[in-house]
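Pasting the structures in now, so scroll down.
Shared between the two complexes below is chain A, which pairs with chain B and chain C, respectively.
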Partner chain A sequence: MIEVQHISKTFQVSRRGAGFSEAFKALFHRQYECIKALDDISFRIEDGEMVGYIGPNGAGKSSTIKVLSGILTPDRGTCSINGRIPWKERTAHVNEIGVVFGQRSQLWWDVPVIDSFELLRDIYRVPRRLYDSNLEELVTLLKLEELVRTPARQLSLGQRMRCEIAASLLHSPKILFLDEPTIGLDAVSKIAVRDFILEQNRKHKTTVILTTHDMQDIETLTKRIILIGKGKILMDGSLEHIRKRFSATKKLTVEYRGKHIIPCDGMELCSSSNQIASFEINPDKLGVSDAIAHISSQVEVRDLSVESASIDKIVANLYQQYQI
Partner chain B sequence: MGKINGIFRYQKYMSFFRMRFLAGLQYRAAAFAGVITQFAWGFMEILVFRAFYEVNPGAFPMTREALSSYIWLQQALLALFMTWFLENDIFHTITDGGIAYELCRPTDLYVMWFFRSMANRLSKAVLRCLPILIVAAFLPAPYGMRLPASPKAGLWFLITGLLGFLVVVAFCMLVYIATFYTYSPVGIRMVAISMVEFLSGSVVPLPFLPEGFRQLIELLPFASMQNVPFRIYSGDISGMEIYTRAGLQLFWYIALVWLGKRLTAAALKRVVIQGG
Partner chain C sequence: MRLYFKFFVMHLKIAMQYKLSFLFTTIGQFLVSFNVFLGVLFLLQRFHEVKGYGLSDVVLCYGIILMSYSIAEMFMRGFDMFAGTISNCEFDRMLLRPRSCIFQVVSGKLEFTRIGRMLQALVMFAYGITKSDVQWDMKRTVTLLLMVLGGSVVFGCLFLIYASICFFTIEGLEFMNILTDGAREYGKYPLDVYGKGVFRFCTYLVPYTLFQYYPFLYLTGRTDRQWYMLLPVLGCLFLLPSYLLWRVGMRHYKSTGS
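For the complex of A and B:
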């Protein structure tokens, strides 16, 4: 169980304008600004939960992950993960967690991936039998047979990321922190990685905390979302809840034969061309079936589709609404 | 039980050592170039000292044989004892934030980097030392490399060589750790390296430095690096002096490690992982 209470962390950032004279001035008088990376963060995550941690760039996502994995000491606040304070009992704590930083590599550049894996086995002191069975499982699920014998520098980004994820799971961690695990991956690799994470959570009850900008990740993986902006937690709730609250509207697209469609109250015409029209429907005022009935009373409908607003759009709305 | 646990605790660092060692053995071309450079350098040094000797043999503080052995050992074991042999990878992990992963491991950062530096130096030395030592052994006297002055000198050469190596690594650890505090390692590297080059006897062996000044710097940690083993080898340091020098080496090793561990612990409390 992860329990975070009132964590705050401030960074000093030196700032200056562009140009020679500004740089020269900064030599003698440096201006620092305090940036509140984390501002009174509290949340609680149960064992086996999968949580999406989202927010715009610079919101404090990575800082939170660093605090939770014990490599950053907050200025204030407490945090207890399975009964331990990460930054105080770092060594004992990190034995139970796996971390993937999507933008960095933990594999040794010049040697085959399997050598890095064996080094990790020794570092975590994973018993031989457990290591073998974990390795076999990871190699099969992530399709690494060929890759593990290749030096890391010769792998493509997607191949390397699969190896990175495997490397973080060799010691069967109870908690997995994924900091942008699908960054830069192609569609096939993304789906492979997502399926794998789901499988891990289902089979081993691994708690997963995921930061990402890819809303597809959030949609397929997590039920719960924590939204952070400017270091503060703005919202913590289920994906469904957020969907209902922030994107009530549905999009209805019709292909029809006939004259123009005149929208009724509760629906709004978004676009219309070539006998195809799309409407935004506000379900508080108008049911979807009523809208369809209204349209088909005017024209002959040939094809029709109803969509909820995309999660990307919801999140963009959220960011806008909270002004972050 | 406690002891067995202790051994297991170091097993992970040994794996780390092995990994770095094997990785270091890959660079054959670099080793070949290194051997050539070190030969050229060694010959040049010997010729310079020959010129000194011919001007005033009475002012020469070491025998010429001892000096030649000193120079060839220095060239052969360059990778073990030169403080400028620093690992750029370690600087990079600090300055670009790759250290995040190293801190996610159940390991002691100081010990891990210490083993890593040792492995890196040893792998380089293994590739370079043999060709130099073999060729130097066949050079005519007084320019060649001789066997140790006595079996005892040989044994103490090995012991103080190991201690000197540990002092070098412990000192370099301080240079790495300083990067946590200054961000850009360039300044510290320049100052540390040029100072230590001179004070450790890698530019000129310490006996050639003026009296008074020499006694002072022989107490510094830098004189506990290559100065001690290379001079014991050829009998330039002998008798009871061997033990006091070895004792001083041990003292500096412990002191530098203590300081390094303290500074690491302090740095990690305020560490900022660079770059998001």
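For the complex of A and C:
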């Protein structure tokens, strides 16, 4: 169980304008600005939960992950993960977590991946039998048979990411932190990674905390979302809840034959050209089937489609609404 | 220790992968030190002695310093490269592993090319030992070993201090090289040739004389005080302040980047 209470962290960032003279000035008189990376963060995550941690760039996602994994010590606040304070009992804590930074590698660059795995086994003191069964499972699920004998530097990004995830799970951690695990991956690799994470959570009850900008990741993997912006937690709730709250409208597109359609109460014409019209429907006032009935009573409908707003749009709206 | 051995084997494997680079760097290291050796040779062929120390003394002294320096550099290379480790966030990765950070930094990098320098040190040992009129008995051999070991420890500490400072500056500090590379070059002469100020600095601030000058006096029979041979062990106390500084640095650490 992860319990975070009132965590704050400030960084000093030096600022200066462009150009040599500014740089020279900064040599003698430096202007510092305090940036609140984390500002009174509190949340609680139960065992076996999968949580999406989202927010725009620079919102404090990575800082939170660093605090939770024991790399950063916060200025204020407490945090207990399975009863331990990460930055105080570092070695005991990191034995139970796995961390994947999408942008950085934990494999040794020049040696075959399997050598890195063996080394990690020794670092984490994983018993031989456990290691063998874990390795076998990971290799089959992530399809690594051939990759593990290649040096890490010769792997493609998608291949490397699969190896990274395997590397972080060799010591069967209870909590897995994924910092942008699908960044830069192609569609096939993305799906493979997602399926694997789902499977891992289902089978081993691994708690997964995922930061990402890919809303597809969030949609397939997590039920709960924590939204952070400017170091503050803005929202914490289920995906459905957010959907309901922020994307009430549905989009109805009709291809028809006949004269103009006159919209009724609860629907609004967005665009209309060439016998194709699209409407925005507010489901609080008007059911979708009623809207369709209303339209087909006026014209002959040849084709129609109903869409709810995409999650990308919802999140963009969210960011806009909170002005982050 | 078993884990360290594994790392050792892995670095060996990597070094073997880039064999041409390894070969040339090793030869280069050898030649650079050999140059310095030639310099000493020509100088002393003309002047015969520096403050009472003859060629064989200087060569032996240089051999000892060079040997301890290369040992320290080969095994402590991780600290020497620590600025890079911090700025590319590799240190974050180390913090995520359940082992001590010092161990991980040390085992993260091994510089086998320093074997070139060691070879040179061995050549000079051979030359110095055969030419000098030291009576080689058990005690003097032990003294020699202690000098090399003590020297490696002191140089290792200097690398550790260098790394600790990186916690505050993120970038490396070249002035520390005076204490490491500088000492390697100047340490070829017994340290009393440089006058009192330098000598004091090299005793009380950084304990070079404890593994170089004093035991060397005993080694070459310039003094009868046998306890001088144990002074390199005292020099190892330098570990304490270095380790303390490292701890302070660790507490100060802020990770870089996202």
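The working rule: the second predicted complex is superposed on the first by the 324 of 324 C-alpha atoms of A that agree within 3 Å, B and C clash if a C-alpha of one lies under 4 Å from a C-alpha of the other, contacts with A are read in each partner's own complex, and residues count from 1 in each chain.
Simple rule for what comes next: a residue touches a chain if its C-beta (ideal position, glycine included) is under 8 Å from a C-beta of that chain, and two chains touch if they have at least 3 such contacts.
Please read all numbers here as calculations on a predicted model, not as lab measurements.
Colleague: Have a look at chain B and chain C on chain A after the superposition and call it: clash or fit.
Modeller: Verdict on chain A: clash between chain B and chain C.
Colleague: Please work out whether A:Gly70 is in contact with chain B alone, chain C alone, both, or neither, and reply first, second, both or neither.
Modeller: After superposing on A, A:Gly70 lies in contact with both chain B and chain C.
Colleague: Between chain B (first) and chain C (second), which does A:Asn95 come into contact with in this model arrangement: first, second, both, or neither?
Modeller: both
Colleague: Answer with first, second, both or neither: which of chain B and chain C does A:Asn82 touch in the superposed model?
Modeller: Neither partner.
Colleague: After lining up the shared chain so the two structures overlap, which partner does A:Val111 touch, if you call chain B first and chain C second: first, second, both or neither?
Modeller: In the superposed model, A:Val111 contacts both chain B and chain C.
Colleague: Return first, second, both or neither, reflecting whether A:Ser62 touches chain B, chain C, both chains, or no partner chain.
Modeller: Touch partners of A:Ser62: chain B and chain C.
Colleague: Could you say whether A:Ser278 touches chain B, chain C, both of them, or neither, answering first, second, both or neither?
Modeller: neither
Colleague: By the touch definition above, which chain A residues appear in both interfaces, chain B in one complex and chain C in the other?
Modeller: 11, 62, 66, 69-72, 90-92, 94-95, 97, 99, 101, 103-104, 106, 108, 110-111, 115, 118-119, 122-125
Colleague: Please give the residue numbers of chain C that touch chain A in the complex, ascending.
Modeller: Going through chain C, the ones touching chain A are 2-3, 6-7, 10, 13-14, 17, 89, 92-93, 95-100, 254-255, 258.
Colleague: Across the complex, what residues on chain B touch chain A?
Modeller: Per the stated touch rule, the residues are 8, 11-12, 14-16, 19, 22-23, 26, 97-98, 100-101, 103-108, 269-273, 275-276.
Colleague: Okay, in this complex, where on chain A does chain B touch?
Modeller: Residues 11, 62, 66, 69-73, 90-92, 94-95, 97, 99, 101, 103-106, 108, 110-111, 115, 118-119, 122-125 of chain A touch chain B in their complex.
Colleague: Spell out the part of chain A that touches chain C in their complex, as residue ranges.
Modeller: Contact set of chain A toward chain C: 11, 58, 62, 66, 69-72, 90-92, 94-95, 97, 99, 101, 103-104, 106, 108, 110-111, 115, 118-119, 122-125.
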